[in-house]
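Before I ask anything, here is the structure I am working with.
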Amino acid sequence: MKYSDVFLKQTQIDENVGNFCHRLAQDLFPICRSLTGPGVRETLAYLGQYLPGLTVHEVPSGTQAFDWTVPDEWIIRGGYITDESGQRIVDFKVHNLHVVGYSEPVDQWLDLEELDKHLYSLPDQPDAIPYITSYYSRRWGFCLTHKQRQTMKPGRYRVVIDSELKPGVLNYAELILPGQSEQEVLLSTYICHPSMANNELSGPVVTTALARWLISLENRRYTYRIVFIPETIGSILYLSRNMEHMKRHVVAGFNITCIGDDRTYSYLPSRAGNTVADRAALHVLQHIFPDFKRYTWLDRGSDERQYCAPGVDLPIATIMRSKYGEYPEYHTSLDDLTLVTPSGLEGGFTALQQAIEVIENNLRLNITVFCEPQLGKRGLYPTLSTKESGDQVRTMMNLISYCDGKTLLEIAEIVGEPVSKLLEILKPLIKNGLIQVTQD
Amino acid sequence: MKYSDVFLKQTQIDENVGNFCHRLAQDLFPICRSLTGPGVRETLAYLGQYLPGLTVHEVPSGTQAFDWTVPDEWIIRGGYITDESGQRIVDFKVHNLHVVGYSEPVDQWLDLEELDKHLYSLPDQPDAIPYITSYYSRRWGFCLTHKQRQTMKPGRYRVVIDSELKPGVLNYAELILPGQSEQEVLLSTYICHPSMANNELSGPVVTTALARWLISLENRRYTYRIVFIPETIGSILYLSRNMEHMKRHVVAGFNITCIGDDRTYSYLPSRAGNTVADRAALHVLQHIFPDFKRYTWLDRGSDERQYCAPGVDLPIATIMRSKYGEYPEYHTSLDDLTLVTPSGLEGGFTALQQAIEVIENNLRLNITVFCEPQLGKRGLYPTLSTKESGDQVRTMMNLISYCDGKTLLEIAEIVGEPVSKLLEILKPLIKNGLIQVTQD
Amino acid sequence: MKYSDVFLKQTQIDENVGNFCHRLAQDLFPICRSLTGPGVRETLAYLGQYLPGLTVHEVPSGTQAFDWTVPDEWIIRGGYITDESGQRIVDFKVHNLHVVGYSEPVDQWLDLEELDKHLYSLPDQPDAIPYITSYYSRRWGFCLTHKQRQTMKPGRYRVVIDSELKPGVLNYAELILPGQSEQEVLLSTYICHPSMANNELSGPVVTTALARWLISLENRRYTYRIVFIPETIGSILYLSRNMEHMKRHVVAGFNITCIGDDRTYSYLPSRAGNTVADRAALHVLQHIFPDFKRYTWLDRGSDERQYCAPGVDLPIATIMRSKYGEYPEYHTSLDDLTLVTPSGLEGGFTALQQAIEVIENNLRLNITVFCEPQLGKRGLYPTLSTKESGDQVRTMMNLISYCDGKTLLEIAEIVGEPVSKLLEILKPLIKNGLIQVTQD
């Protein structure tokens, strides 16, 4: 292949990526998303403005997807509890977490004692509204802060939920960005949670920013398959339609979730644990934030459960900031846009971007001469000899000494340097014909 | 295969297994066993009462067994030392360790000085009679406590050993319990030590209890080959007659010894170190008694030396309580039935029983649907949601996520749960057709 | 093969090897060696007196060797700096490190300020003359102690270097010692450094002693290829002429350098890291000096860079005393024959000798009987039973238990005993026909 074909070239993106992501998250935060329904469509339409080519699909309720069935569509217009005086104690308009997801419609008066069975709050987090859903068994309920609940006196209450549960559609969106190769990198994120920020708005907005960065690149090596789906049923459905193609083509991928707070970085492996996606994730995190938290497959909890299931076995790893289930605000109203910050989003974006760059640049390298090359005659030694240039030469010689058909990532793992640094050293060596590149 | 064929079913055994083992040990303790002779036959006849189908074999002295020759038979009827006054200082009737094993006959008067060369005692354990044998070079001798020895005054002593060493037979017994498969599990124990309890009566009695438990089982997957032999020459002889068959059929096995005291558990690997027997032993001990002592092949000392020898290479591991050579009473009269207790024997029995169950249930598992199954519609979620049921669901999902052709033991090792617990979770999944079982 | 063919037999060498090496180093120390020139020829001629069959080769300047070209020959006759009074401040006659290696000729007067650009000293080691070369770009210069430099007052100085740089030859020497096999062990050392003792005179003199020991041996299994070359250009040149043959024949080898001081032992791996040479080096050092320093391929710096380069991939490891670059006297005039001692050289010699013995004796072993052999009837048990003889029997049984086609080194690694000890136990077992030997 030609030298110019090998490396990514990037055009400038104007807005700071953290601000871009946070701006989108602010716009999307109030929308009440669920597995299905208008909130999902509104969200996908909004993201489509930023992603030319994003295609929204719809799948009828009742469609079979492996062991699962697409559920009825849920439409929620409002919901509230009033006391005898007519005062609204809890109102969906105030926070869309107040109504249990997939609640069936209700309009009735009850005693507090009866109502209590339909209320959900968190005694240990008295200011948080919990996030509760009941997708696959019919019920209704309200979530509220424990403080609110404690103010409710015995008496009669009216509960109203203005919802519909009926055959409709499940929506998801996909964007395919063709590359030089038909081999694919999968980016998957989910759009089924209402107003929460780390889990999950951070996922769709960072994925949107990554997609825009990928669109801006010349010479993409891989084709990118980017999907916005409801969690679990969405990935199962998507696999039921695309698995054979994906098993043949997907060489790496990431499930993108919980990627927006500022506290830490996390890694959760694929089921196989040693795919290129895993190794790229580990490589990047070790150099960005060596204290990142390392989880195991036994800690899984998102769409990797489907992508890596036995017989599916796609090479999908996960890079996160604070992992779902592991931070106090998880699945409550406290998971909001003060927790998820521009710098948190930018850090998450950068880790994923660098992991993708590692995969894109994971070229197989061979030196073209026997023994060490004479670098002096080629002007490949730094002209000024300083401690820094000495380290540079050392790293160059280490890199060259492993160009025996290993990939750049393998070499980076052995010599302990970031792929990005080795890449800068590698480019002139390729230009000079000292290193030959093959792609798998 | 049919679901009902897969799992062991057990009929009730009435007596507590620890008491059963201790009762047998009490009956057998006084018998003077050796490599050969009436004591061995008496022991095997006694065990035969509990083991229908146990077959006793006899092999003539002089028979060649690989590099070895079956020795002459030893018959011991009595032996004593008297002083000039005719008082018996040491008498075989008091303890059969008093006569050195395989002593030739003697009847003579000697000075203490001459006699002393034929006496064995332990200065560091002055109350213990040591256990000494001389199988392959002719001599005679007496073992006594160091305290006894120190009371002996200079003077004349008469020594009498009423023994015979002459061509006869070597005895061993075997019991074959057929299973669904011609593949075999070997249980081997030895019956050549006189009155000592951990090493070795614990071995034959626990093996007898295991055999009775195996007889009581329906649906045994494997055929069981259970042998009671004299140590070393017995296993070499047995292999010289059965090795080719055993190399083709034996998939796992245990040498059963030192399995009756209460102090600890021990593991000694096969020479290969990673056979199913080794992994089953480690798995069970890690869950029963995580502080078990882990030895290496370099610490070996019993019949695994033959079963695992180069070119034999059977997959035989060893689970013990206190290992031979590693406890102070070893090979002395202090290794008696106060050291070996019902609870010690029961613990040893249970560890071996569980290891056998792990091997029996080491099925290869495959999930029959792509992606995670929908468990709700199958009623496979616990109806009451508690912390415990949450753990149960988590474990079930972990198990399912590895059903890609791995065996149950492999999965147990990864998820860190006992096979027995996974088995209970597995059964309804198999019944529902979600998991398919294959046997190797 | 016959038993008598298997093991090395050594004839006596009279002089203590440490003294021998130190004597040679003293003779060779004053000679001004470089990549090329009369000093190299003088050195090789001197060593040839001790090494019958040593062949000196010459290669014309300008000869191509893979990516490199043999440089012009450098002849240095003298060099000095005088002050205005004619006093010699720095003189090549006093120490040949005073003139920068490969300096072009010069004879001129300059101001101190101008001269200063051509002076090299070490502020942190004010008593040391540094070792500086400029092989591949033309310049001239003087090295001196920092103390000397600080005494130089502003004024005029005359600098004279009486050198020549012109097409000539590069010299190297080789000695081939045929063995029973055409497979080869490579010993490579370099002869391009002027008056420094650990790096490098220790290398050529210890290699000379090893060659003499190898000559003295009967029944050498391997052919030995022993080369004395200038570093880097020499090994590249040598490979450019012999690589195909060496890739087919060399089974192990050592680059011999920095092998003469008394402070520590060091190991630097081949690029592959697990060749027989590496394992022999590690085995010997673990038993000689368990605190040896263990370097990685990333710490390399000598001819292993060429021998182990991608596509060359010879199995060459390095055993050193204090490694180049890691001791304060390195590449200065302080690296002299007080630092390198007879005992330091002897220790280095012994480590390499033992590593070669491990390679020579790395026989593949098979026991010829099934199960444990009956050692008593063969008289292979020690006659006196002591704690030491018990250990000996234990080690013998451990050795026997692994004779299933493993090599002696593999067994030594498992049982944790030195190959030399196992070899003594092995010899009678081979003689008795219990162990059969095959060579790879």
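Letters A, B and C name the chains as they come in the text, with residue numbers starting at 1 for each one.
Throughout what follows, contacts are C-beta pairs under 8 Å (C-beta built on N, C-alpha and C of every residue); 3 or more make two chains touch, one makes a residue touch a chain.
Computed from a predicted structure; not experimentally measured.
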Are the chains arranged, by touching, as a line, ring, star, complete graph, or other? complete
Residue numbers at the chain A-chain C contact, same meaning over half shared and different meaning under half, come out as different
Turning chain A onto chain B with a C-alpha fit: angle in degrees, nearest 5? 120
Chain centre separation in whole Å, for chain C relative to chain A (CA means): 55
Name the residues of chain A that each touch 2 or more other chains. none
Given the complex, residues on chain C that touch chain A span 66-69, 136-137, 232, 235-236, 239-240, 243, 271, 297-298, 300, 305-306, 309-313
Any idea which chain B residues touch chain A in the complex? 366-367, 369-374, 376-377, 397-398, 401-405, 415-416
